[in-house]
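In the two assemblies presented below, subunit A is common to both, partnered first by subunit B and then by subunit C.
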Partner chain A sequence: MSQYGFYIDSSCCSGCKTCQVACKDKNDLDQGMMWRRVYEVSGGSWEQRPNGGWNPQISTYNLSIACNHCEDPACVDACPTKALYKDSEKGFVLIDPEKCVGCRYCEWACPYGALQYNEDLGIMTKCDFCKDYLEVGNEPSCVSSCPLRAIDYGELSELQEKYGLVSQVHPMPDPKLTKPSLVIGPHRESETAKINKARIANLEEVKND
Partner chain B sequence: MKPLDRRKFIKTSGLIGGSVSLVPGFAADLFGLTPGQAVIGDLPSEGWIRVGCPAHNCGGRCLLKVWVKDGLIARIETDDRPTDDLSDPQLRACVRGRAYRRRQYHPDRLRFPMKRVGKRGEGYFERISWTEALSLMAKKLTEIRNKYGNEALYIPYGTGSYSQTNGRWPAVRLLNILGGSLKYYNSYSWACISKATPTVFGTGITGNQRQDWLNSKFILMWGWNPAEMRDGTNTEYFLKKARERGARIVCIDPRKTMSAVALADEWIPIRPGTETAMMSAMAYVMIQENLIDREFIKTHCIGFDNSQMPDGYEEDESYSDYILGTIDNIPKTPEWAEAITGIPSETIARIARQYGSIKPAMLYQGYGMQRRAYGEQPVRGGCVLAAITGNIGIHGGWASGIAHQPGGTPFWNIFPMKKNPVKAAIPTFLWSEAVIRGTELSAKEGLSGVDQLSTNIKFIWAVASNALINQHSNINRTAKILEDESKVEFLVVQDQFLTPTGKFADLLLPACMQFETWGLEDGWKYGDEVILMPQVVKPAFESRSDYRICADLAREMGVYEEFTEELDERGWTKKLWNSYKSNRFPDIPDFEQVVKSNQGVYSLPVHEPKISFENFAKDPVKYPLKTPSGKIEIFSPALKELGQADEIPPIPKYIQEWESPFGPEKDRFPLQAIGPHYMGRVHSTFDNVDWLQEAFPQRIFINPIDAEPRGIKEGDNVVAFNDRGKLKLPCRFTQRILPGVVSIPQGAWWEPDKKQVDIGGSINVLTSEKWTPLAFGNAQHTIMVDIKRVR
Partner chain C sequence: MISKDIPLIGFTLFCQLSVGTLILYNLIIFLPTFRNKSHLPSHFKAIPVLAFAFAIIAVLFSVFHLGRPVKAVLTLENMSSSWLSREIFMMMIYLFFSGLFTLFIFVMSGWKRLMLVMLNLATISGIILIFFMSRIYSSMPIPAWQSLFNFLNFAATTLATGGILLLLIQIQSGSLSGQQSLAWILGIVLLLEILFIPIFLSYLDQNSHASQLSLKLLLEDYTLIFYFRLGFQLLSLGLISIAIVNIRSDTDRCKRLLWPVIGGTFFIFLNEIFGRILFYAIEVPLGSL
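So, the complex of A and B:
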């Protein structure tokens, strides 16, 4: 089976959220629903010298995360109605709106916040990899939107060959949990993020409700 | 009646993402359009149309591909040209362009003409017909013109719609036909850098085409934040590529901006308003360690040291005198600068060594630091650093300053506005002075063209302008000025929403969106392209294009034929498209062909980037500059002759600002507040767009070091205040800002509560109307405030 995934180049991601909004436009997502979210990871401290100069010790970077179409998706396991399933052709994690009852178990199960509840419909929604675009030879909307050309997509093994094997940086969950189909170009400051106690600094902008 | 309160968007129910068919969704029922409604004559009623992203004052000029269905825009994608190489990269729209449907189909759009009922500024209006609106406007215009003359008429700075046919251009044309109106010069964006750059170089064309950045080895992004403010579509992308090619990029900014995070190798936080102190200390290190290009200085500059002072100024303080402290006994050492800038002296010295030794190098100045008290100084200071390191006229270098492009300077308004018979011009920022005491103004306040005005401003026609209230300094002061009907006797606001400025209108005219009319735009500051903006949908409700409104008014005033030349919006777009053929793009395809082919954009790839001062660098005698001396004027005799050396020194100097953490004002207002551009807005445009509010909520960004002693916790509501006003917002803790500085992104819409506390969060309730000494520019970032927690 083929497995598609995303590559995000965190090293040059500015956090502009063009991908997030391009996705919302394509999928007509109301306020509160974000199939792709941009997390600002930031933290650190400042020291002032006797002569007045400041030395910052700060780590900052952005992570644009949609659904990682995991090889071992926790949402699929958690779904009591089998509304969530793994597509057999390209490995997409998809949702059947007819079967979804809106119990939101998948939302709790997913460590990436990919599942988004649609209040009006009472069901879950999520990134479908713009498979309708792929079918006609176009890129997913987020990929073609990025002003810095920092998002790519394709066969996971090819992405890994091209960009490496990093699929987790601080403070993302352990990839062993769900095996995300994600490759990250890490920002250099992700190396110091843990020491600097970096956290998601824009929490109010990325939470679902 | 108060017709326009804030409402939530119509929900997008019925649409499940992913499997959605292309249905207009939230817009259809609200905008009352029925499926199958005819769209535009020569465009498909359903399909993808390439169209320029509506032009605002963002610095970006991008291409969209919009899906039109049933007379509505149902989806927005961006430039999809298959080649995306650096000679002609795709013009990918940013987050604002991609959110445009939520602006286009916003429930608060102005739908009908309205006239004021109640007091001016209260915001109460009643619906009137277009016939009544135009006749009222014509009557008032005629009355005021007859009573006070054309100098009493004013069309203020406004960039809410900014293509070649939208916005204020047609209004200016109409008034020019009717005898003219009071002119303005410079802008809220770059008054100081426009004025100060030519004092050094004799021109504003000091930049290189962006492809040349790839030749640079060291790039100092000084207060420059293209990732947030979009200083040209793709500027951030070019920087990414320059870095991939090996350039080291250092960002100097009070905030760790998006640009600092995404584009730079290092961020150096600097205290706002102290840039020239750091520049001076860099010069000190470079002079002491002989990292300057002495040969270039000798042949190309004047005023560097005593050996090259211009005739008659031999006894004046040279640049080296100032830097070394020869006369004032204050050597501008890194230690001296550390106490001022907040940057460790070793860091200053290290950056000086890098800038002085890595060749070629760019020092690119952002504009925020010149919207400050002595904003002329860092501009001149940066230019001088570029000159003394010999980074001028070479590939990979950069002369600094305003950096217009050689060979392809922008044509921002090719729409023919005709000659303005009124000679008088005021600095943009001083319009409120011209309202309250216009006849008292003189050259000391920047009045030009005449010695004295014959009248104060009495009639304002604000087209696509929220600069009267929201974007001008000291809103509480401005509001009082505008409330007084004996000053401005009639105020027309022509816009798409009831902005804070609109609330002060006597007459509100609903302008349509740019997707609802024809237009075209070019590459703003950079790109060599023309972008077509075909009309893709009908104007909503009773809104009309800015051009149409002016044409209708021209009919009332009896000058319809002269105004229109019998052209409609499409006709003008065609005419302007063709004028590009004669003045800039000889091989541009025929207009009708471009419309038919739906290509959207015509661009000239840049394979060999042009650079400024190439000839001058090679032979300064044969190719002198347009400065009085023909050389780079590190010392400017012309500035010396102004006789205001304390505030306008002939060499660039650090001058303590009039509100500063080093002045007595710090006791009451200890924090500096800066108002950067925000990713979710273009100035005040887009402030009301929900997808952008969600992505970038308006907050006060504060370092925990400043918050905690004030008992403030993350997310608390806080009030920022000084003697001019108060605003209330939730706070966001961030480490990404220098302690002692808070950020309140500019452009949020003013919304005073009953106690005049602005709960919209417009920083301009705190800013000062005081102008800069040389350019008469806005110094809106020079303010001190304090912050306290509120319930």
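So, the complex of A and C:
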């Protein structure tokens, strides 16, 4: 089985949210549902110089996060109906809408907020890697729509070879939890973000409820 | 709190009330009468019926929690890794044995040994059910739910709700059997619940960023509910202490405890409802993404 994943270049992401909108458009997602979300991470403050002037000591960057189609997906383990499963061909984490009962247990289990509840259908929904696009040779909608080319996709091992092994920056969860199929191009301020206690600035915008 | 949590609050509380009632009924009422080969008073036969009814109400609440209740039977498919599947399975086992015991107590009351076996099986499956229920939450990447406090919290609610209901029934019926033990169990459980609060707050403060956010939610966004709950806990502990001090082998004196115990019941249930609201409210996942 191959394992597909996403590459997110946080160092050049401008936070324009085109990927978020393209995903919503392609999947016809209702208000409040976002299979891909752009988190605005920011923290730090101003520091006074000896001469009385002020220097900004801040960390601010964007993280575009969708389902990471984890190698060890907590949602699949948690799902009581086996509606969530790992695709044997490309390693996608997919959901069988016929089996989902809408218990929302996977919503708690996923540390990335990938699972989203569809109130009208009474079931969970999530990113399916635009597998219908891939089948006809197109890129996932988030990848093709990014004006800065900050998102890439492909075989995880190839992405890791090309972009490195970073799969977590502040304040993302420990990758040991689910082994996400994700490679991140870290922003230069991501190292200081933890020290600056950077927070998600647009929590109201990205939270699922 | 958000409306999606109401069925979960109903399910967990009624489940715990049912299991707590049956556990303490077994230990404090049924087992002694079985050992002494004495007759089970008729008003005690209503208690298993109540416990079974609470379990049924819990099931109804759980159905409302599902987006598609008609497919609820599918939830048993992932016993190998899903704690929710295991919990649902155990709920069915618990319903089976507690239902069977309830039936036996009315139609086969002479078969005391068989009834004891059924009651013990219902009690054990109830304890496992509460453990599985707590594991559903402690297995999530949510620090506020991951500590030992989670299981202790579920166990305490089980004993507190079941215990106060039994005490109320006994005081109301004028039965003296086991009142003192029940009052002591309740007093200890309530005292431990209060003593755990500062330890739990300190655990949240010293843990990950997510748990600090949970603490912030608890003390800032839900501060009113938090302090109201603390008030209910202190009031119920006070009222149960009155019962502990005044329960004697004098039926008339015990009957005078009816109003303090009714008050204790009211405050214990409010305490547990508020506790569960806070439990779901402080759900902040690791990484906060």
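As a working rule, the second predicted complex is superposed on the first by the 204 of 209 C-alpha atoms of A that agree within 3 Å, B and C clash if a C-alpha of one lies under 4 Å from a C-alpha of the other, contacts with A are read in each partner's own complex, and residues count from 1 in each chain.
Assume a residue touches a chain if its C-beta (ideal position, glycine included) is under 8 Å from a C-beta of that chain, and two chains touch if they have at least 3 such contacts.
A quick note: this is a predicted structure, and the numbers were derived from the prediction, not measured.
Aligning the two structures on subunit A places subunit B and subunit C side by side, free of any clash. In the superposition on chain A, A:R149 makes contact with subunit B only, while subunit C stays out of contact range. Contacts of A:S141 after superposition on the shared chain: subunit B is touched, whereas subunit C is not.
Of the two partner chains placed by superposition, only subunit B is touched by A:Q20; subunit C is not.
Shared-chain residue A:Y39: touches subunit C; no touch with subunit B. With both structures placed on the common chain, the touch criterion links A:H69 to neither subunit B nor subunit C. With both complexes placed on chain A, subunit A has more residues touched by B than by the other of subunit B and subunit C. Look at A:L29: by the touch rule set out above, it reaches subunit B but stays clear of subunit C.
Contacts of A:K90 after superposition on the shared chain: neither subunit B nor subunit C is touched. In the superposed pair of complexes, A:V101 makes contact with subunit C only, with no contact to subunit B.
Closest C-alpha contact of subunit B with subunit C, superposed model: 12 Å.
When both complexes are aligned on chain A by C-alpha atoms, subunit A residues 121, 123 touch subunit B in the first and subunit C in the second. Of all residues in subunit A, those touching subunit B in their complex are 12-18, 20-22, 24-32, 34-35, 38, 42-46, 48-49, 51-56, 58, 60-62, 94, 97, 118, 120-121, 123, 125-128, 131-132, 138, 141, 144-149, 187, 201-202, 204-205. Those residues of subunit B that touch subunit A in the shared complex are 9, 11-13, 15-20, 25-26, 75-78, 80, 84, 92-95, 98-99, 101, 227-228, 233-234, 236-237, 240, 256, 258-259, 261-263, 267, 269, 335, 338-345, 347, 679, 690-697, 703, 705, 715, 732-736, 738-739.
Chain contact summary for the complex, subunit A toward subunit C: residues 39, 63, 65, 74, 76-83, 99-105, 108-109, 111-113, 117, 121-124, 171-174, 177, 199-200, 203, 209.
Listed in rising order, the residues of subunit C touching subunit A in the complex are 2, 4, 65-69, 71-72, 74-78, 81-85, 88, 136, 139-142, 209, 283, 285-289.
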